[in-house]
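Chain naming follows the written order as A, B, C, D and E, and within any one chain the residues start at number 1.
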Amino acid sequence: MAELVAYIVAGLATGAIYALAAIGFTLVWQTSQTINFAQGEYVMLPAILILAGVAFLGLPIWAAAVLGAALFVVVFGLGFKLAVVDPMIRHGVLPLAIATMALAIIMKESAKDFFSSEAQTFPSPFPAGAVDVLGVSLSLQHIAIIAVAFVAIGALQWFVTATRTGRQMQATAQNPGVALILGIPVARMVMLTFAINAGLAVLASVLISPIYLAKFSNGDVIGLFAFIAAIVGGFNQVRGALAGGLIVGVVDSLAAAYISSSYRLAVPLVLLVVIILVKPEGLFGRREERRV
Amino acid sequence: QERVKLINVVELSGAGATAGTQWRNGIDLAVADINARGGILGRQIDIVHYDTQTNPGNTRAAVQRAIDEGTYAVLGPVFSGPIGASMQIAQRAEIAQIVGGEAAGLTRQGNPFLFRTSLSQAAAMPKLATYLKDTVKANRIAIVWVNNDFGKGGRDAMLPELQRRGIQVALDVSTEQGQADFTADAIRIRNANVDAVFVYLNEDESARFLLAARQQNVNKPMIGETTLLGARVIQLAGEAANGARGHVGLSIDAPVPAFQDFGRRYQARFNIASDHNGLKGYMAVHMIKWATERMGRFDRKGVADTLRGATITPQMEPGILITTKIEANGDLDRESFLAEVENGQQVIKATLPMINP
Amino acid sequence: MTRPVLEVSGLAKHFGGVVAVDGVSFTVNEGEILGIIGPNGCGKSTLFNCILGQLTPSAGTVRLDGTDVTGATPEAMNRRGVSRTFQLLQVFPELSVRENLILAGQEHRGSMVSRLFGPGDAGLTNEADRMAEVFRLGHLTRAKAGGLSYGQQKLLDAAMAFMAGPRLVLLDEPAGGVNLTMLADLKERLRVMNAEHGATFVVIEHNMDFVMSLCTRVIVMVEGKVLMSGTPAEVRADPAVLDAYLGH
Amino acid sequence: MSDTILDLDGVVGGYGRITILNGCSFQVRRGTLTTIIGPNGAGKSTVFKAIFGLIRPTAGRIRFAGTDITGWTPRRLIEAGIVYVPQGRNIFPELSVRHNLELGAVAAGPAITDVPARIERALDRFPILRQKADQQASTLSGGQQKQLEIMRGLLLDPKLILIDEPSIGLSPLMVQETFAILTDLRDKGVTILMVEQNARSALHISDEALVLELGRTRMQGPAAEILADPRVGQLFLGGGLAYDAA
Amino acid sequence: MSETAAPPVPAKASGLGGGLLGRLDGVLLTLLAGAAVLWFLPVGMGRYGTYVLTLWLVTAIAVMGLNLTLGIAGLKSLAQGAFMGIGAYITAILGTKLGIDWYTCFALSGLACFALGLLLGFPALRVKAHYLAFVTLAFSTLVWLVLRNEQWLTGGTFGISNIARPTLFGLRTDGALAFHRFVVVVTLILALALWWLVRSPWGRAFLALRENPIRAASLGIDIRAYTLLAFAIGSAYGGFAGALYAPLVEFIDPTPFALSASFMLLLMVVAGGSGYQLGPFLGALLAVALPEWLRFTGGLYLIVFGIVVLLLLIVCPTGILGLLDRGWASLKARFVTADGSRP
């Protein structure tokens, strides 16, 4: 029993990380109905940028963090929106999704070729200690990640659904043509979304990298798990990302513990298929709209 | 002046990128060294690197291209799958292919043009199993391995050796390449009541695993191969790496001055520490150099003939770094080491002799 | 000649707590042109969707030619000779008008296998062009349907419903956005189909001129229920209808 | 009050390379309700899109209250006092009815402080919307969605309203209500330019009318005259085939 | 008709559907001419060049299938790489372990993928739009896990080597050129079959699925049957491609059939021009041959490749053929206008 609890608690901690990475999916989905296949790379790159700031510019870590975060938000939030989303969004979501695949290649290969093909240590913003929770040793880092995930996702959920600006963002996603006619600043709303997305990616990156080490290929794994988490939680709900992340984390942990470990990756996927078949909109998603 | 063209076909992107990049760096360093000392038989080396994206189909294309473009020998790749996809081509063209792969099966296909740069897993595992039995005195162990050709190959080679020595595998944990979180695996091992843990993972995963194991208070000896004890793992895992020990083939920390010197120059040039793949790449070029100079002429097919069955010593060719015996099937035999990580340093505890000196 | 074609009895549809259709029963006889009118949100479109399989009814039965077809798929209903139009625009926007019309007819030609090996247009190009002509879209046969004006798309939707030579057609607000002159044409078309081919029609419409001049019988729905049914003249004179729907 | 508020002068425009408007010119007088009629595909909606900056004219000028507004963005036009209620279905399907309405007032910014009160008034005009105020807009019936759109479009205090076929999908009672709302606004001095296929009823409440055909103005004049014109009756009002009231 | 009938409007760019169905003969001619050129092209090209050409064609077959599923029928599949893997493994296992001849393996590969496509298509009936992508994503990863873990059957991470190439009328195709020509013929046959399919009423029904399934159902189009068929036929093409890939590389392991391969195939469909019959060839050219050509840029060639694809999509989001189509349409429109058919 204590063992089970241990696996669950460990899963929750990992799940919070997936959740943090998964918000980006739901956010971009909510505002442009597209899937950002570069989401994993979005979480990978900020840490690399920060380390590059330290290595190449000789900056102290905090200055590199500020600079790296700002650079990332400008280039991959605002720049991405201006250079990629704007010209493509009129042509449906598929080309845009494919463009993010190309972007993922560019980000990953650049991190490898211009920085390093090796994993790097990344300093943790939190103290290194650990506390015992129900027989599991939980690091303060994990606890901090869980807390940040809850706060960030809660705040975002509140922003999107309960504020006027958030609703303008939703309106822009659901019907940009009409949003334009009503004078909603469509461009600014889309911009805001991508800026928030990039900002959250920086946050996730800074929290995850001390544990997972900063490496160019991190996006593959994080992206896949975050994607599964987002689907499980329901793509069209920000809070779904949190639930989805935690569920996937726990399921993965239990699968590794009790099911053949060479098939552990299959377990969250089977869960995903079952959820889609039983409740296609995801556990916390909203139903698709009436169409006839 | 005539030059000699060498083409390196290796994993520079995809899952093998980290290993492939080390291999490439090693080659670049070797080429620079050789060219600086006047080349091979007076000819400067032109080195070209082709990326395989860690994909067998692309590897095959690249090796074919290398041969079409008249490479003197094929260097790489490092991963066993891509080696398997491309070795017939070099064989058909009768060109030596010097690879970084360690999977036991590669040299069992009777390909006379394939050569390794490191011990085969079939050679390394008996040494480790003996170490587990005699030094660690383990009767029940857990195996943590990465489920790719490297990890699976190592595990498959290890299991019969353990069985032969009466060591019981109480827990067999397969992990994914690139796996980020090892907490669940660490908890499982902690609860498994074993005497030791055999860790056969790539460098990054080794570090993550050691970190997670330390955090979950796994207090069992961590036994591993070259990848577990390397400088990179120690750097990444920090304090959690202390106490890890095992068998080391090629290591810049080995008590061989040539290795250490190589390690320093590699660090100076590429600003990272070399792992065994860097050493392998460095040696690969020197194997070709040695064979050519031995023949006294440039002869593609002759390279393979000369290498087969040869023993190369650092006296003959300093760039080989350590006495290396090449078996008829392309396998190698060398001295290797038992090491332990103490206070963030790899400390060599013993030197193991060659199997068939 | 009063053979019932469509019999609906006790049909109901709930959405969560909302009762959109609440125990509706009526019969459509062969050769009738039945009008359905009622205030916005009284359940007319939902009724159509339940009859034709776009939605599954919560209760009640639908019979076609005496056979129970409750819950049959839209495809099955169409292959039994029932066509429909939609209130909201439903065309194939990226396809040309001609392709839209061929699509509307092709599944009624031959078997699935014979269609694969037969001509690419299922031999329907001429018929499609003729139909487009009839609905005054003749000059637009090669234009993308999504680029048509609202009224033109509405007409195309109606034209598609006729491509398969249906026996029973359910039209959901066919007049909305259609120019009065074209509407007169449409009305004429329905009359001809009705008189010469014996086709039966059920029409939801808010355009009273259209309904009153076309329909042989009118059903009035209010809040998911049938309020009354009668000839156009009876309906027009009914104070309850005036109050709930027509206004004074 | 006979000054011109909206003036189109030789407007040419269309979609991509296809020209729909072929030098369209007309004037709308301040404080009137003007109805545009014409066959399907005549370019009526295209005229609205051109005025509201959704397609860019390739030639010609559009003036509003004396200012050249050709090529202005929708946002700027809204700020200048023009609102546009397009044809077809134009809601935010996943937002609630109330939030849909609220978004109608976005462009006003802080200038209008009584948005909640305005929303309440809108819900009063179409009671069904109040009943469903907190439901997702996509669950509304076709006519209910149209009501929502009309009220959303009229939330601000515009000087000029462009409204494209408001009667589609509305029950006769709701058409009456909508027309009453529009005439009320007109009586308060708002200028209204409307497209309608429900031409007889529309012309009855209109001051002026214009007939559009092939992207050009065919006729313009007082609504009553246009309604009575035999050519118009024949061509655009269903001619002799119209229902002859029993 | 009465006087109000509007005068003819110029025939407009008829986009995917109209364009597709309107230029069929152009497609047919291009296919035949292309096959003839490809038959002779590798002469004197060297083994490497020939190999890349062949790999391009094999990839194009898989992309053609996905183009049917996604580009034409609008069903988003992330499993084409997995189907390719299934085909490749069936061919490799039956060929090397049971000595079954290649043609039977080829047929069985297609058939198995067709059947699996049917099975996997069922969720497509239940779930709409992007959810299908999620299901296929899961399927794709599961297939990869099976290929990797079931070593007794698939050789696991060590793969299967020494896969034989087929013989044709007693002629061996072991040589690069002979095998290339063999692949040209197979590709042509498969492309012609698809060409026929798309121009048949079935093709139109597939388009209807993509454009408006609700309307399609109400027109008697059997959504269930066509969805399953579109998915299964597209998957079968993946299987066919795999059956050629295995003897081409003569070695297979699970890596080329991982999820990222399916992503790459998706990229090829869209970049080539989703829904256009010749798009797959361009898309596959972009993804297979372009990186090879870009090798001259040195170590950064993948970054350059990513940037090229990104720019391409920004400039023509509808793919290479989409851009050509638009250019053609505007030329035509200008011509008609100049013709004076508009007043």
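Worth a mention:
As a convention for this text, a contact is a pair of C-beta atoms (placed from the backbone, for glycine too) under 8 Å apart; a residue touches a chain by one contact, two chains touch by 3 or more.
From a predicted model like this one, the values you see are computed outputs, not experimental measurements.
Shared contacts of chain D and chain E, meaning chains that touch the two of them, come down to A, C. The pair with more inter-chain C-beta contacts, choosing from C-D and A-D, is C-D. Chain B and chain D have CA centres that are 75 Å apart.
Put simply, the C-alpha centre of chain C and that of chain E have 39 angstrom between them. One inter-chain figure worth recording: chain A and chain B are separated by 36 Å, centre to centre, where each centre is the mean of the chain's CA atoms.
Annotation for chain A: residues 109, 220, 262, 265, 292 touch two or more other chains.
Residues of chain E in contact with two or more other chains: 2, 4, 6-7, 9, 12-13, 148-149, 214, 299, 302. Residues of chain B found to touch two or more other chains are 13, 15, 147. Chain A contributes residues 35, 37, 83-84, 87-88, 90-92, 94-96, 98-99, 101-103, 105-106, 109-110, 113, 220, 224, 227, 231, 235, 262-263, 265-266, 269-270, 272-273, 276-277, 280, 288, 291-292 to its touches with chain E in the complex.
Of all residues in chain B, only 12-15, 49-51, 53-57, 60-61, 64-65, 67-69, 80-81, 84-86, 88, 103, 105, 109, 147-149, 152-153 touch chain E in the complex they form. For chain C in complex with chain D, the touching residues are 15, 18, 37-41, 45-46, 87-89, 136, 140, 147-152, 155, 173, 176-185, 187-188, 206-210, 212-213, 233, 244-247.
Interface residues of chain A, counted against chain D in their complex, comprise 164, 167-168, 170-171, 174-175, 177-185, 236, 286, 289-290. Taken in their complex, chain E has these residues touching chain C: 1-2, 4-9, 11-18, 21, 24, 197, 199-205, 207-208, 211-212, 214-225.
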